[in-house]
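Structure record follows, encoded as structure tokens.
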């Protein structure tokens, strides 16, 4: 007779797996990827491919020769890191810098801490910020989007809408005078603006986010708290002085906010566990982003905000526990 | 422990920066280039050896309770001497390291060795310990400086290898932490395989 | 090791002796190095001055307060055969990325810039340190500029000076320092008839 | 539709045997009756090897307060009173009886006519429940008489009857409600009398519409008994969750349901109480669902306590060739058996036969901190954290994180995409914390 | 004015000397006020201890043991298993106390239920921790006393003195590294590991089984189980072997390592370690079985 199998209860498990979750995220990134290919053409495809391949290669090499542990490069997490890293760089970035970014993202951001599930910081953002600090010139050189572009080099570059706005306001110009210099809101929503490869189209990212919400890969708490706090924060300043501060909608659909709120901040490994904690985390990200955007040296603050909040995650996990069943209700 | 061992321990086995994790403030602060690290290392070595000598000479005369203040005064004096002499005769080096020279006073490596070694051992051992530790410190700072200079500016000891800029992050403070972290990991690996 | 017991007398005595000996040594070293240090400082200043003014045989130093700023500027009038050939102004700015930047700006008597050389800064190596002559030829663009015609500001701020890539703040600060020197220079030299007397 | 608020999962229901009427399984050749088939102190045997027994005769007495009497489920000769393998493979004291005929003890009413009226007073009811060895039939096997005695200073307000059967596969309670609804209601009325409560609520999950309809119709003849239609969600059958779902009261941590004026009984228990009080019949048989994907004839059997499991599997069509796991109880909280010779006990609600491919757990991967375990935990705990703390033997922190609130429903392990054995570690932690608490007092 | 000694020297000597004296006075006052009386000997004793904080002494760590020793002013009942009697003698001479003789001990695995001897009947598919497996079931082989093979003891060992043998599924103790701290004994939910006297030349004889079931039952699950037949008890001339609930136990204090009991065991449950090979062993075993 067969040997019986013994294990503790429960004896059934969901068919959900790490792999399925990861590939679900990859699938949800497709719309944004297509938009980026449309506007940045071959360069975007090349950078995305380079990032994905080199992320997987570094993960393989480190797991095989340094950690000497089991190989998990096919679980999809390295692919996500690769895509998100590519999404966070301008399409004119030299490919060797993309490779360095991948090495840092996987090597420094993930494997140093022991691999999947143990990294405190979002690996793609670690790679991005490393590149940002290391190659500030190349990382702030934004090619203008051209439909069906096939050009690889010598494309026209220009500042991002956020940079235009920040520069203008710091010169004392009025917001109303600066707005005509940037693409209209419909274009901003569709992605027809300068910026990193994957962050340009808010619409495509929202589409992917909705897919992830339906598949229950992410919960609504972090994106909602993040975007909500950005709206409130920028809204307050906009109401106080509309000549110096642009309206919340502009902040929502420009820069990497959508990408950050929906893909970066919601990274399971580096976000808090409880719903309450996720709300706090989202609000923290939103406030920090706006503080950097309005008062900091950089026009964009999403990466830094999320990384800073990543560092607070253990604290948030300690301080914001889920609501316990039968929790003693304190009577005033 | 033989004196040779006493001398060599500072390089890898008990390297003050990589293993004992002492004197990290200058290790992180001044090592933007290999030369800076080297200069700072030598300055520290001088202070270390001198204070070790003096401390080991007068150790039996110092009451326990004023031990630390006395050591600090001795160390601070040597640091000031280094500073004055350097400014007078090596103005270029002083320009590069000036800000960090006074920090040698609070470099826990110097006080640490005075307290843990020189106040217990004879003068010869203390000198050798100071030299060993100092050279180990110099080695560590030079190595870290070289790594940061190489990655950050594409140069070593000022000799440029590549055109243009390197990875700027290694010139900045985060690069110091990253570089130090991975060097410590490397040293640990080496120590493990030995 | 037998530790010496701490009593009131030996504690006070020890610490007093140690501090006294230390301070004596220090004072002696100070006295020995005082001369060389001053010579080294003077040599550095001289070197900077010679770099930013034409050939001279006589130097006269005076200090003026700038219109904006808390500290006075050092004006070095350079004479050749009794005739003023240039003024080297040791200026400063606090707008730098990290700490004060000091620089020596040389002017022809008519107000054109001879050259600019940095004295002291703590800007980011690899970025802001391009203001140094040895690191980059960026500061060469100031040569021969007449601040009364050219706006000494980076292009981003509406001026005519090219900024340093990725170190706009440093470039902006350097321009600020040069403007401070020129403003004071025009007040005290150009308007007062171009003489130190 | 009502349900509890925090957490919960929706495992595939697989109620394969829902339409199979309850069949009476023939009496086996020998039965093994363990002396510890209830929560609490094992019963003490009152006879020895070679003694003759009749069906329904008391063979072991539960002497402690939390213990239960055990009666013979067959008539015949006691072969031995010895240590026999139990469902975990450890040896526990049991009575083995060789079956000879089926002669019942006098006084047991085996007629199936319904007796509604109950003449006994509360304490007489409790005594009867005690004497006839009734325990909770939902799986926890808590002695029922203890629950029917409200502690001093507390007052029961509502009797909640658990007809939820939230475990997948299991259909025993479902069939019982359909076929013995009248008797269950009579049993509920008796329990209400014993508890002095005016109100009883039968909670049934929405996936049993026929049972809800049937019970609702029957309820109309009883004052104070209502049926509540509950959303399908596991673990709704857990006491605290059921109370929350049915009447929206939360039992505080570490407290019993009586704290919020509730007593919870299973429908099976109600039926057993009816039979005990009205028919004088001790708890000697129960309904067991035998089910499995490859099983030829999944069924609901009425089984004598002590029947070996393989007899049930045989009756359900025999053991399929690719069997990987046999589980006593439901798939979420049941116990994997390592020997099929073990007997059915008072708490055996089902026997599941799993194929090999559904038997193995997923390979264990690193935790990706997806927080699914935390979201499904019905007690609002953090299973990932508890598992780590328990694994690292940080027992004090386990206690602070309220590990003792865990009821081992298995939702966390069910939902974990990395297949981490969270509950395994938490169980170790719980037992260590429990030991620490006991040593403290 | 420009000499090496001038008024600058004077001013600095006087002012710094005054500061020094002032500091010394304050230090003295503070020292008087906040005098902490900690026995300096605690530090000295703690320095002698190995510093592994293994807990083998039964206290929280090495420093706790040092405090306990100094406080008790006696070494009675205080042992440091990793350090052995050398360390305790060191401490004794330091404090001028008498050190009891500490017999070197070593951890011994008292189960031979390898995959070969006790073939698994079921497959365990849960968390790899003995603590849980023990609470779940009797073990893959069915022996409720035998090793579960999940390696809790290996995890507990702070000295790398244990590893799991993949072939047998049993842990292996490396005698040279074992310091007898007892962590594995505590970690094993079935108390299979025992601390035994290391023995002369590391030679040990012990019953490698703790199964208390009846002989037949035990034998059904494991070929090398002690069946409690009592032959070894009869064989032993030194009363070192006792039989209790179907299980023989060899008292290491009475055992003279004559190893006469080993061949008479019909199930080979008695193990001898580090003895020179025995020439006639196979025949003796056969005879024993033939009886």
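Here the chain labels run A, B, C, D and E in written order, and each chain numbers its own residues starting at 1.
Just so it is clear, a contact is a pair of C-beta atoms (placed from the backbone, for glycine too) under 8 Å apart; a residue touches a chain by one contact, two chains touch by 3 or more.
Note that the structure is predicted; figures quoted are calculated from it, not measured.
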item	value
Those chains which touch chain E and also touch chain D	A
Required minimum of steps from chain A to chain E, each step between chains that touch	1
Chain separated most widely from chain B, comparing mean CA positions	D
Pair with more cross-chain C-beta pairs in contact, given C-E and A-D	A-D
Identity of the most central chain, Cα criterion	A
Of all other chains, the one whose Cα centre sits farthest from chain E	C
Chain A-chain B separation of Cα centroids, rounded to whole Å	41
For chain B paired with chain D, centre-to-centre distance based on mean C-alpha positions, whole Å	71
Computed distance of Cα centres, chain C from chain A, in Å	45
Shared-contact residues (touching 2 or more other chains) in chain D	336, 338, 359-361, 421, 424, 427
Multi-partner residues of chain E (at least 2 other chains)	20, 23-24, 27-28, 31, 121-122, 125-127, 132, 136-137
Residues of chain A engaged with two or more neighbouring chains	4-8, 136-137
Those chain pairs that satisfy the touch definition	A-B, A-C, A-D, A-E, B-C, B-E, C-E, D-E
Residues of chain A defined as touching chain D within the complex	1-2, 4-14, 16-18, 20-21, 72, 75, 77, 115-118, 219, 268-275, 317, 321-328
Footprint of chain A on chain E - complex, ascending	120-127, 132, 136-137, 140
Contact set on chain D toward chain A in their complex	6, 9, 11-12, 168, 240, 244, 250-253, 255, 319, 321-327, 329, 331-338, 352, 354, 356, 358-362, 365-372, 374-375, 377-382, 384-385, 402, 405, 408-411, 413-419, 421, 423-424, 427
For the chain C and chain A complex, residues of the former touching the latter	127, 156-158, 165-166, 169
Partner chain E, residues of chain A touching it in the complex	3-8
